[in-house]
Amino acid sequence: MQLKNIHKRFGQVHANNNISVTFHPGRVIGILGENGAGKSTLMKIIAGYQPADSGEIWLDGRPVNYHDPRDAISHGIGMLQQDPLDIGAFSVLENFVYGQSGGILLNRKTSRQQLIALCQQFNFELDPDTPVSQLSIAQRQQLEIIRLLGLGVKVLILDEPTTGISAAQKEQLFNTLKRLAKEQNMTILLVSHKLEDVLALCDEVIVLRAGQLVGDMQMPTTKAALVELMFGAQIQPVKRESRLQPNTPIVLDMQQVHLHDGRLDIPQINFSLRAGEVIGLAGLDGSGQALFMRACAGLIKPHAGRVFVKGQDLTGQSYHQFNRSGVIFAASGRLEEGLIADMTLTEHIALMYEQNTWINWRRAHQFTQRQIERFNVRGKPDDPIQALSGGNQQRVLMGLLPENATALILEQPTRGLDVDSARWIWDQLLTKNSAIIYSSADLDEIMTYSDRIIVFYAGRMKVIDDPHQVTVSDLGHYIGGDFS
Amino acid sequence: MRERLIRLGFTSGALILALGVTALLISMFDHSPIDVLETAWDGAFKDGRRFSAVVNFWIPLTLASIGLVVTFTAGLWNIGIEGQMIIGAVCASWAGLYFEAPSVILIPTCILLGAIGGMLWGMLAGLLKLRFGVHEIFGGVALNFIAANIAIYFISGPWQPPEGGSAQSTPPFQAAATLPRISDDLQFNLLFLLITIGAIIAIGLLLMFTRWGLTLRAVGKNAQSALLLGVRTERVTLSAFMVCGALGGIAGAHRVLQAYSSLRPSPAGGIGFLALLVVLLISFRAWWVPFIAFALAAIIAGSTRVKTLLQLDQSLAGVLQGLIVLTILIFNGLADRLTRKDHHE
Amino acid sequence: QDDEEFIFGMVLVGPRDDRGWSQAHYEGGLYVEERIPGARMLYFESLNPSDTPETTLMDVVSLFVDEGAQVIFTTSDAFEEDTNAVAREFPDVVFINVSGDDVLVGTAPPNLGNVMAQIEIPRLIAGCAAALTTQTGKIGYLGPLINAETRRVSSSAYLGARYCYENYAGGNAEDLEFKVVWIGFWFPIPGVTLDATEQSNAFFDDGFDVVMSGIDTAEMVIVAGQRQQEGENVYAIPYNSLEGCNQAPEACLGVPYYNWGVAYKSIIEEVQAGTWESRWDWVAPDYEDMNNLETSITGFALGEGLSEENAALLQEFIDELVAYQMENQDSFFLWQGPLNLQDGTILAEEGETVSLEDIWYLPQLLEGMQGDSE
Amino acid sequence: MSDALVNSLNSIVAATTPLVIASIGETITERAGVINLSLNGSILLAAMAGFAAAQTSNSVIIGIGVAAMIGAAVALIIAFAAIELRRDQVAIGFVLTILTADLATFLGKPYVNIPGPRIPNMPIPLLSDIPVVGRIFFDHDLMVYFSFALVLMSWYWMFHTRYGLALRAVGENPQAAFARGTKVNYQRYIYTIIGGALVGVAGAAYSLSVKAGWFANAPMDGDGWIALAIVIFGGWHPFRVILGAYLFAALRRIVADLQSTVDFPLVLLNTLPWILMILTLMMVSSGTLERLTRLLPARLQRQFRNVLRSDPPAAIGTRFDKN
């Protein structure tokens, strides 16, 4: 497969700028680049999700032209999105069948056999009748891979497939990908931020920066070399010293708490958070972190047990009560949950800080201006939030956090940020001196910033009191449910 | 500038289309649209009595519409406004029938009770939504029918006239409950006029300058985010229902005091639904309410005369009103599309 | 030619073509237009809270008066209170409220009169027709709302039915089931009253094979017609208008109807002559010929559904009735003791007759009828 | 079973037919992710137009056809405004429900209370002879059998055909549907129009069969709202929808029968169907069904959950733009 002079613009942003590259069959190719470099855009163009503004795609020596993902698949190109694009309400079998061509009636029997055969070939365990919404991310990825293989793709694109799956699952995925490349002579394109993954799997790497192809490297190589290619300079990871003094008071205390929602059950939590402590939560999506954090903030009422904030029993109280006691929650949803897309920065500030009946808009405006400067937000007080870039939205969200909070409960505070911005955000957070509970899909981040770590697996919790005693790969195993 | 012209053009286009279709319908029934227009115009503006009829529709319609601006701002489809008006009317009627006091006390009491009744009925829709997850559209529709039956229950049951009821009316209210008119020509009530104008201004200002207004908007745009930004969303939602219900209740009180001086079945008379149309038409901008409401009130007043003299059914007014709102919504969409394209090019 | 023209207003509670009450009044207006030179009717149909909730009687009347109306008929007890108020507002216009009793009670201003027809007579006949036809001995009566008028009218039908069941059909009055179901208003309003179609079906499902109407509309005729086509042996008796049977003539036993024009014509002639005075009028049919449209305000039109032999029996009953009424003007046929009210209180002892005023204000249904009295 | 009871059940099945057809139509529309809120008004307009057409042409077929076209046309306006013009579906649907009801009253004036053709009764030869069941289900007119067939067909179409997969996918996750090659907006047009046409047929089922004729106070007014609620109660599944419709109609009938047996003000009894509507929605939305499910043995729970699923199609009421 060959790309020739691909261009793509979104308004001012030149997301793909004259990209030409050749991919060979039988190889796994890594696509690297910082946030917003244009990786996903390029992959979507290849897979037919978006048209390029100009440029050509050649397959087997001929230019091809397709308009939608279905076309791309018929040309043998399939893409696995980071959040697999499947239909939660469908069963595994229906998801597998949907998109295949055939007569009006479904032939469930043959399709089932085909599905089971493919599962066996790759050692996947997928029950054809389970609704997809009940599968883990890893299983949904497996299903997508099998589905695309069932459709006969020759080029498989994976956009950040390793966020949200455990070390063991990752290993299995990588083995599968290797086999596909070697045994079936497929082309695998892997988009990732994780240099270790790329090093472990790929035969070749290309790097994008600001929409342009800036480098190309054959394996094996070193991490340092890759970093330099990506960022132009090397970034030192910071090891953080624990700030935790003995005898600091407990600010949040959970006793015998039982949490429950639809599928997940966390039977018994006994947990306390000390002033100034930073606790990292690791685990796959849907393992219980979200439930736990929301319970800490009073957004979910426990089935049983008591929750104390600064010694005060707040069990069953509203988020508002927790808020007043200094517990602040910020969700990872940003525009869905956290910010309001078409309200301005000033209005956000006013909501948070103007508690009087009549709003003093001048004061709110001035305060917004100050926060914008402090948090280095690229935007004006009267801009609606949706006009900001993702990174700037995250900065606004952090800028809205009050200075004197007792405890900050932060869901993926650096989601979608590049390493540089993430570090800056952490600097800001740590100067607040609040206790912090945060979750992250990035184990490095967990290891770097946490005084204690809690690993979640299917509603079970494992507390690691001293992060220095474990390695990232240990964490990876815990996440997979291997608690021993 | 160009965008403004396009919008103006499309809005006029929508109006012309709505009027054109209505004219066509009129012709289908062998009438001349011009005749109908003249008859309707006289029905609304011929003299003080006719004009008063317009004002007497305008008052409840504006009150209900301004209430709906509040709920729409909070992202709520308060289709139950009709029922809130009815319960307001029922509560006001109790005072009108049984609370013996001089006019200066009795009339404000009627209004206050109307407001309280409407507020509680609005709160019920809010609680159904918040506590039991019943969408306000369905809760509202059901509560409307229930309210209508409650009114009939009182009319044909506990409050029926002593000589036995026709299920049509309670006995007339006490003389003290008769609304004073401005003059023999201008047969509307000053107090209600002032309340209505006051409500427009108050709601407009509250929405723009108070924390309550800001929280309403936040909840309306994204309730979950608003909660995390420190808004007590349930309270805000409930308050929106209650304020809207209270205004609807006052509108209901006006209906029974002004139009009937007794309680009647469905005292709200579809004005609540018309108010929903008003608010959809102006995309929830409070300052426009009085003007649009006036236009629609004039259409209703005119339609009674059209029916009496030309035997064209009053539903013609509803058809015209519905057509106007529909075409304007659709033509706005067309204009959006056109101006959006402009941006891309 | 202006002084030749005489404008009168007609306010209808339902549509002018409801095959029922309102149509009967509308036709009464047409009758007047036809027979009095220069008479012109203005009318406003469907003035009721369901169809025109935004319009009040005052709105309509003031439009009529603007156009020069000199007599205004408000043709429902629904307008009783409002007519009284409006009449005071326009003292120079004559108002006639149909079925009200303001004059009787003494609350009417001098320009307000009441008129009502003695529909109880055709009702007795209708009850008899039902009893002659029923095979199951179960007669359903779909009533509107509960008040004195609807009680006395449904009770008349019951008396006719009971009498004929025993004396002409050879049954035992004890076995006759006569059940009244009130829908809640003069005509069905969706979501507010019971549905007349569903209620008619419910009657037939339960084995009632004749359903009589006390409401303004004629759904029961349609339902009976549908069921006859499905092979069931069921019938209906509508009410109000001569056209009541039209929807399904073969399933219709006949209709007690009004011919309001007779009364309206004489009222307008009196007003024109300046002799009209406020009064309460309960007009009797023309016993010489109840179905004479020139003279009788009310009558009973036979339907195609009534068998010939039953029609003959019915005629015998009518003869009996007419003979009685010719002798007695102060009561109705069959309204003689012993009669008890539903709760057992005595309405009339053996040998007593019930006076017209007591019938007018009948406080309960009669003993033997099923259904709510209030 | 007593004759009266069997007769009553027969009447209930007949009387519920329009509700079933309308609810299934709306289920199809909502499964594709579009809300047609105009039901109450569209049914009235279609009922009036269907009766008028049948009356004029003396053909019930033409009447039904015209009614279906009216329903489809109203639905098309909603689809067009929502898809092409990005209008709020609920707002457009609401305006249309008011407008169509007024149009029905205005245009229907000449057709009030006149006799017209009706869909003839046609007992199914052998089936109608089955004791009890035959009389209840197979002694009706064609519209009733059509409603049975419609439920079966829509169920089969949704869950056993490739097109059905696309239909459901479009309402659940349009992005994913697009990725699988489904033309999302085209599908939405098609199913909104089909659903609308069925709503129209439901109108004809009223005016040509169940509540034959056209009246000043249209007796089906309000049923459109009930149909919308039944779709929710039915969890967007044809079988549960028809069950919900029958349950509702049966309860309504019981309420009517109560009048003669209980001592309770009649008008307040008339509120019971609406209270019932609120209660059923409360039961579905506040997780009562889910709680009941948990009482079952674990093995059955999953199947039960699938049957009792009451989540709306995930993408209902949303817009879809490529990329």
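Lettered A, B, C and D in written order, each chain numbered from 1.
The rule we apply is simple: a residue touches a chain if its C-beta (ideal position, glycine included) is under 8 Å from a C-beta of that chain, and two chains touch if they have at least 3 such contacts.
Bear in mind that the values here come from a model prediction, so they are computed numbers and not experimental data.
Each chain gets a centre from its C-alpha atoms; the one nearest the centre of all protein C-alpha atoms is D. Simply put, of C-D and A-B, more C-beta pairs touch at C-D. Between subunit C and subunit D, the centres computed from C-alpha atoms are 38 Å apart. Taking the mean of the C-alpha atoms as each chain's centre, subunit A and subunit C sit 77 Å apart.
Rounded to whole angstrom, the centroid-to-centroid distance between subunit A and subunit B, based on C-alpha atoms, equals 48 Å. One simple way to say how far apart two chains are is to compare their mean CA positions; for subunit B and subunit C this gives 38 Å.
Shared interface positions of subunit A, i.e. residues touching 2 or more other chains, are not present.
With touch defined as above, residues shared between interfaces to two or more other chains in subunit D number as follows: 222, 267, 270, 274. In subunit C, 50-51, 184, 191-192 are the positions where the chain touches two or more neighbouring chains simultaneously. By the contact rule set out at the top, the touching chain pairs are A-B, A-D, B-C, B-D, C-D.
Subunit B contributes residues 209-212, 214-215, 217-218, 221-222, 224-232 to its touches with subunit A in the complex. By the touch criterion stated above, subunit B contacts subunit D in their complex at residues 25, 29, 77, 79, 128, 131-135, 137-139, 141-143, 145-146, 149-150, 152-153, 156-157, 273, 276-277, 280, 313, 315-316, 318-319, 322-323, 325-326, 329-330, 332-334, 336-337.
The touching residues of subunit C, counted against subunit D in their complex, run 14-15, 17-19, 46, 50-51, 179, 181-182, 184, 187-199, 201-202, 204-207, 217-219, 222, 226, 229-230, 246-248, 370-372. Of all the residues in subunit A, the ones that touch subunit B in their complex are 299, 318-320, 323, 329-331, 333, 335-343, 347-348, 350-352, 354-359, 361, 400.
Every residue of subunit C that touches subunit B in the complex is listed here, in rising order: 42-44, 49-56, 59-60, 62-64, 67, 76-82, 85, 101, 105, 145-148, 184-185, 191-192.
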